[in-house]
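Residue numbering begins at 1 within each chain, and the chains themselves are lettered A, B, C and D in the order written.
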Amino acid sequence: MRMQDFSRDRLTSVSPDLSVDIAGVRFPNPVMPASGAYEVDEIHDNFFSPSELGAVINKTIFLHPRPGNPPPRIWETPCGMLNAIGIPSDGAEVFIRDKLPALRRLGPPVVVSIAGETMEEWIELAERIEATGMADLLELNLSCPNLSEGIPWSTEEKTLERVVSAVVSRVKLPVIAKLSPVVTDIADMARTAERAGAAALSMINTYKGMAIDIKKKRPALGNITGGLSGPAIRPLAVWAVYSAHEVVKIPIIGMGGIDGPAAAIEFLLAGASAVAVGMYNFIDPFTMKRTIEGIRTYLAEEGYSSVREIIGLAHVK
Amino acid sequence: MAVPVYRKATLVSRKESPRGYVHLVIREEQIARTAGPGQFVMVRGWHTGDPILPRPFDIVLADPLKGVFRLCIKVEGKGTRLLSTLKKGSSLYVTGPLGKSITEFDSAGTALLVRGAGAAAVVFLAETLSKLKKPVYTVLSASTKSRLVCRALLEEFSNDVFIATDDGTEGYHGNGTDILDQLIREGKVDTVYTCGSHRFARHVKALDLAGKVKGYLFLEGNMGCGMGDCHGCAVKKDGQDGYFLVCMDGPVFRSRSVVVEP
Amino acid sequence: MRMQDFSRDRLTSVSPDLSVDIAGVRFPNPVMPASGAYEVDEIHDNFFSPSELGAVINKTIFLHPRPGNPPPRIWETPCGMLNAIGIPSDGAEVFIRDKLPALRRLGPPVVVSIAGETMEEWIELAERIEATGMADLLELNLSCPNLSEGIPWSTEEKTLERVVSAVVSRVKLPVIAKLSPVVTDIADMARTAERAGAAALSMINTYKGMAIDIKKKRPALGNITGGLSGPAIRPLAVWAVYSAHEVVKIPIIGMGGIDGPAAAIEFLLAGASAVAVGMYNFIDPFTMKRTIEGIRTYLAEEGYSSVREIIGLAHVK
Amino acid sequence: MAVPVYRKATLVSRKESPRGYVHLVIREEQIARTAGPGQFVMVRGWHTGDPILPRPFDIVLADPLKGVFRLCIKVEGKGTRLLSTLKKGSSLYVTGPLGKSITEFDSAGTALLVRGAGAAAVVFLAETLSKLKKPVYTVLSASTKSRLVCRALLEEFSNDVFIATDDGTEGYHGNGTDILDQLIREGKVDTVYTCGSHRFARHVKALDLAGKVKGYLFLEGNMGCGMGDCHGCAVKKDGQDGYFLVCMDGPVFRSRSVVVEP
């Protein structure tokens, strides 16, 4: 009897700690949705409660309402999909009034994803979100490949530095810079964002790609090009995180093709402090829950007492 | 509203009819119990790979007692080809019921104007109307006699089924819209649902705008998730800016509210 | 009788012409192997004859022998694979003596893929290949991501311009520049290569990526990073070709994830004048043959009399 | 040399034994007719996706008359799990026979030192030697009695099978190499083939270098193609620079010619 009690105690004591620290904010576990790929509503609440997540996040909002792109907006590709949604947005006012309070009430830290079309918009939007007092972190989507306004903000070092430091200088909220992988060396961009004052990085947004409908002999997407996401891009995203981890000290939220615990663990070992699930939410709405549970099992089986012990462990010194 | 579930389900039977269309009967009790006319499911009969996304299909009929529902799938590309080769007893992943169920049944007479796989979309509605003893007139169109889909089911639930074939191999030799127009002229129908043909959709919308009927369209669109996550299934609003999402705001839309592609 | 003869004539006359012109060299059809992913030997000859191909090509050679990288050299990823082969090479002498004559004897145009570790090596190797008289085209592999010598030659405009123009000024053979996609905008690189005198482009080489073996908690490849190929990258490669086709006049050989006719046709519609099959040769050794036949069927069904009619057809003007 | 074919083949039977190992009998006449001991096939039981690459497996036995060959697959990861769930009658794609067939059989006595799935690699060789009336001594090792693989087949073709288990549940309680050393001391064997354990490989290589036996290793390696295209399956040469390719130069190597990983 005593033996059994003893072993039960031990089992309890080794149940691993999943919490991580992102820029001073404690995430109860390292798994969150990627912006734009998970809605918080009654439907999703019925699968599992979003309060079980490491953090919650909105689909990127702009200051002013936007309709998004004409269809077709998505197209399946091998182990991935292209999207050219174009970020339809209700604008800041509606978001702050209707959506943000609902996110706030869930429990996990709230990351608010924003994007500006001009430098002034970035600043105004950041300030307005901060003023609500309902956000824990601000994510700057510097990397959407579907905007007709030109190349993403984070594909050019000077522009990246300018927008990050402008926002950082105006708000006290920790700022996450979400980077585009469509660059020659993303580690340079990670370093630039850190230098400009970003408190964390989200890596990566989608890769620019396209498909052609060979029946119609035209680009498959209404917007011609789109962003590639899904398991297809995982090896590229893991490398992006790994290479950034070598040069920055700020925490990284890793994403790109995570479809379950094994993929999430790859990112953690590569140096991500947390991970986000995008496209795979569409395929299996339980992906994030499975991922949290699977990370816990992996840590227990491999004898770790905290997920923090495996962050960056794959780096060859 | 019935909240959707995501479940591993079992294929209990499959049948091809006509050639190129497979009817799958799937056991998943909760979906069978809660589905309503106009709703759909997302189905995946493969693991991650190529194809990777689930595919949307209308619920043809649901049997809450037996815990099964039926799909009718036109074999088109990769995903439908894989689904069509599944054997009885296979597992598939299903999410549903999705989309808004049709809830207004107060029409004096309803016409269902359908073609191809579009016929699958309206069977559930025909059944519901027939249970409510509401008159249902179906115009079932195809290129040729052997391509008529869901004919027996539609005959079971409709007061009348009018066949129209492009080549005249059966029924009216010509356009199904002619029959619809005739039904309207005869005063039999004040409401029309259509699915499966852009031409039909344009015609119904014109009738709707002209105030001759209440027109409804079953719309499609490239779907990633079927539940509002991806914003992929956009359809342009008519008369105002912006887009509806087929999966959340539809899949059935009042014809005057949306832009019908040419 | 006459009617029948007549219709047979018509059928013959609409059997589509598959030949394309790459920098003045006629390829009997637009399908060739990608460098490093198909060996010409008795084994492969037994599947189908390499003389049926649009062109043949060797695995990139260097001037001097090289052993290649330590294993593991390959790792499977979703719809793709990472490789860090490191281009083992017998060196120019053995290649010219043993392998090149065998390629030459097959019939299709011979593309010789070369790479240098220094500017001098590029030039010496190019001159030695030209001197054999057995090559029709020279492909410069400016893009291998697995060399420890530094970043690929084609990820920096000045370097790319320097090496292409140096080789072009020394040899008469038409030069194909094979570009790396690991850049912010590959169309810039395509333009640079054209300006430097490249007679054609090969697009693209593999994307830099990595995987982590979560059992060993270490990078899965011996070389840490590798190049991603396969259907996973196809949407990125199609975009690369499409965007380059908008800015250059020289022909493009498109590749990246081609697994059969539909994928090949995507590249042709995007603007490639020929296509190359890499990884998929490993999975289905008949891929190239299937692709040639499938392109012919597509053209016939869609009513084209020559494959040249569909090159670049998807461009929205 | 037999030139390999790439074919769609049929699974004619499957059996699990012991737990975690499936034996597949596959009908493909040309491979069955031309395969020799030491050769392998690349197998794919899926379409493009995840997994995508074919997987290498040794040919356990080939029956040229019946046109079938047998594999014994340890269920490890994605690919082997999918292969293990294939039902009788399923199609799979196979390329083979691949690699060099063993052609020297002039040893006075041959020992086969194997563990786990490694046992599958030597059955064909044991059969060949037994047909040639050459003495074969098999040392079959496992962690425990219930994990012994291909036991009945090896008993059929060996003069003697010695069992060694780590936990002593059957046969010798300890290391299989002890039994091998004993066989050598007794002068029964001058040639050793080993597969399935790095420890065994190191031991055999040491014996080979010491001039006590001719040692041979069945090597593995991450394979993309199995036929020399990808250069993925490299194994370091011993005593000279560079690499062999397991698929073209092997999979069976003289132990002294290659570097055995620690």
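Operating definition for what follows: contacts are C-beta pairs under 8 Å (C-beta built on N, C-alpha and C of every residue); 3 or more make two chains touch, one makes a residue touch a chain.
These figures come from a predicted structure and were not determined experimentally.
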{"item": "Each chain counted as touching subunit B and subunit C at once", "value": "A, D"}
{"item": "Whole-Å separation of chain centres (CA-atom averages), subunit B against subunit D", "value": "55"}
{"item": "Subunit A-subunit C separation of Cα centroids, rounded to whole Å", "value": "35"}
{"item": "Between subunit D and subunit A, distance of the C-alpha-averaged centres to the nearest whole Å", "value": "46"}
{"item": "Multi-chain contact sites of subunit D, meaning residues that touch two or more partners", "value": "48-50, 52"}
{"item": "Sequence positions of subunit C contacting 2 or more other chains", "value": "77-80, 230-231, 259"}
{"item": "Pairwise touch network: line, ring, star, complete, or other", "value": "complete"}
{"item": "Contact footprint of subunit C on subunit B as seen in their complex", "value": "48-50"}
{"item": "Contact set on subunit A toward subunit B in their complex", "value": "36-39, 41-44, 46-47, 59, 67-81, 83, 85, 88, 230-231, 259, 279, 281-286"}
{"item": "Of subunit A, residues touching subunit D in the complex", "value": "78-79, 231"}
{"item": "Subunit B - residues contacting subunit A, complex", "value": "1, 3-6, 44, 48-54, 93, 95, 221-225, 227-236, 241-243"}
{"item": "Subunit C residues touching subunit A - in the complex, by the definition given at the top", "value": "77-80, 82, 151, 155-156, 182-185, 207-212, 214, 217-219, 224-226, 228, 230-236, 238-239, 242, 257, 259, 262, 265-266, 269-270, 298, 310, 313-314, 316"}
